[in-house]
Amino acid sequence: MSDTLLLEAHGVAKTFGRVRAVRNVSLRLCEGQSLAIVGESGSGKSTLLSMLAGQLKPDVGSIRYLSQEGWVHLEALEERHRRKLARTEWGFVRQHAQATLRPRVSAGGHVGERLMGQGARHYGQIRARAQEWMARVEMDPSRVDDLPSTFSGGMQQRLQLISNLITHPRLVLLDEPTTGLDVSVQARLLDLLRGLQADLGLAMILVTHDLGVARLLADQVMVMLSGEVVEQGLTDQVFDDPQHAYTQQLVASIL
Amino acid sequence: MNPAQLEPPFAYLDSQTKRMIRRALLKAVAIPGHQVPFASREMPLPYGWGTGGIQVTASIIGPQDVLKVIDQGADDTTNAVNIRSFFQRTTGVATTTHTEEASIIQTRHRIPETPLRAGQTMVFQVPIPEPLRWIEPRAQEARRMHALRDYGPMQVKLYEDIAQHGEIATSYDYPVMVNRTYLMSPSPIPKFDNPKLHRSPALMLFGAGREKRVYALPPYTDVKSLDFDDVPFRIEQWNEACAICGATDHYLDELITDNKGTRAFVCSDTDACAKRQQS
Amino acid sequence: MATPVLEVAPLNKQFVLHAQGERQIRVLDGLQFALHPGECLSLQSPSGSGKSTVLRCITGNYLPGPGSHIWLAAGASRVDLAQASPEGILGARRQHIAHVSQFLHVIPRVSCLRLVMTPLLAEGLDESRATRVAGELLEALHLPERLWPLAPRTFSGGEQQRVNIAVALAASQVRPRPLVLLDEPTASLDAKNRSAVVALLKALQAQGSALLGAFHDEDTHLALSTRTLTLEEHIDS
């Protein structure tokens, strides 16, 4: 982990009609650091994540990211540039792999897509790289030509994950990546994620409602309620010594 | 004035329409491979029968032109005959079945075997101009992909063909990159004909009536069929020669000649076949 | 006297329980002390409260109260842990502080050998050397080799605590940390294992580390402490 600032949001807000989904959020993330954003439904955490991923423009405030070519402001980013970053330096993992994986594209096609988008044109090499990554997340490389529907939910998530990681992104954003999976599958996926984060030096922003997931994966945590950040700090400190009433309530609600 | 005495305009379309289509064609020629929208007119035949190609030909044809019309390579199929006679009636221009004599060649599904020369114009009938149609169903997103040269998904589709079938399964309307910039659909010609597009001395115009798009390849444009470095583009090959003229380098159609299922392979390009037979 | 490794000047801590009608519990008020290299300061509290709080405030696991200053001298730098940024605290935890908690505090589902190796690898040791040093440490704590490939979740309390200690002190085997915090380190151990732990800690003390500990067990306290601090004098009750 370094002290190099990678992502900085300042006074970010987003309103939908009369709903103020996100109000005045600021955050800083350094290279290799992981941040969990916890909150319940309606807290604004997913909206915030979308803005940090450049998928949604904030109404107010600024978000800047340190790309290979210098600082870029996400709220003013050209579509061409945004797509390039989204496919090289960033990764985005959604809760439901089916929302991302295309039913008629094989595992290899998914994993190799970013490479092909960058101009890779050697079929054998693309397929081999895909198999390497599959092995890395304990998927059977001989299943490289299999379609997503033939994989279990946990495997589909791994597939979604490695489709993002193949370009060695510096920042990975995850929206409830293990929610809905069987508990043992969740555990293995989280362990995998932790290992990959350490091996690849990924900076991670993780949205979750599960405090246990935040504890396992994140150095720091932000607690959101009704669009605002009510508490933030080191994960162990926020959960072991919660200051805000809502945080205390959340911690007390752990089953 | 007696309405019965009004002549239909030259080549059926009024001059304003022709100017509109020619402006669209000029744009298309200026940006090779890029689809240009145009206000497709009602023609005296339904969509799916070549209205786009007919409108393009009607906009560029002049009294000195010599017109050839083919359908699947043949001058004597129903559609080719009808379209040729349509232009004869509305323009009075000379028509021919000989490729080398024509100044405009309207075609559906083939490029003639006889090499084209500078000064000739090919007009292609195109059903679906958008090469990304089956990959990205949203028209707006497909346009953005062209604008951003975001063609990864097309390469993924070819990857999938190889993964599932061992080779790229597309045999016609095989996607091409124009000037290393635009992804283009060459219309439903067999991939056998794709190499003829590369740096051709002829002007290639493409018209899609139902979809209301035209696009173009000016002469000597780079056109490369998509492939992989280790799975290169290959054209079709036959073990047989043409049963009529003996050609081994022409695109062959397979015909069933009797009720016992006897098969013969015959040139699809009737003009080229006849020429080879004579020599 | 050498520069203190740790200067608590002062430490205030109170808890506000919002669910109990904003009830306030003040645990520490104006606590002050200094700790020098080679010393072992033992925290005593007849009422039982406060010792763990002091240790947790220093590591940043608890948020020190307003007006607190916790100066940590490490190498050429001096940092106020009570005012440091989260990144600063993480850095101090990694580089300057060894912390032995009271209960097993490790990532689940990882073998205890790998748990002990991880901080060694972070110190720059290669795989084979890290494996060797980790093994030596586990052996010194009398943890049988058959347990090394297993995750400690299923171990006995005493076994878990020894894994905990090994993980906490692993990095110090490569580079001793200036500050070692001990929260009831030998509570669940028998006499033989207690002496093994004491031996490890004494070795660190001899290398110049400063120890700050809450020792429930009298033997450990006697073996290590050079000073005691009774918290009752500093607690507002």
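The letters A, B and C name the chains in turn, as written, and every chain counts its residues from 1.
One rule holds in what follows: a residue touches a chain if its C-beta (ideal position, glycine included) is under 8 Å from a C-beta of that chain, and two chains touch if they have at least 3 such contacts.
If you're wondering where the values come from, they're calculated on a predicted model, not measured in any experiment.
Visitor: Any chains in contact with both chain B and chain C?
Guide: Touching chain B as well as chain C, we find A.
Visitor: Which one of the chains is closest to the middle, using the mean of its C-alpha atoms?
Guide: The most central chain, going by mean C-alpha position, is A.
Visitor: If we define chain centres by averaging CA atoms, which chain lands farthest from chain B? Would you check?
Guide: C
Visitor: With centres defined as the mean C-alpha position, give me the chain B-chain C separation in Å.
Guide: 78
Visitor: From the C-alpha centre of chain A to that of chain B, how far is it in Å?
Guide: 47
Visitor: Give, as an integer number of Å, the spacing between the C-alpha centres of chain C and chain A.
Guide: Roughly 33 Å, centre to centre.
Visitor: Where in chain A do residues touch two or more of the other chains?
Guide: Within chain A, no residue contacts more than one other chain.
Visitor: Touching chain B in the complex: which residues of chain A?
Guide: Result: residues 79-80, 83, 87, 104-106, 108-109, 112-114, 116-118, 121-127, 144-145 of chain A touch chain B.
Visitor: If you look only at chain C, which of its residues touch chain A in the complex?
Guide: 15-19, 56, 60-63, 86-87, 89-90, 107-110
Visitor: Which positions of chain A touch chain C when the two form their complex?
Guide: Spelled out, the residues of chain A in touch with chain C are 1, 3, 30, 33, 187, 191, 194, 216, 219-220, 233-234, 236-237, 240-241, 243-245, 248-249, 252.
Visitor: Please give the residue numbers of chain B that touch chain A in the complex, ascending.
Guide: My answer: residues 144, 148, 150-153, 155-156, 159-160, 162-164, 227-231.
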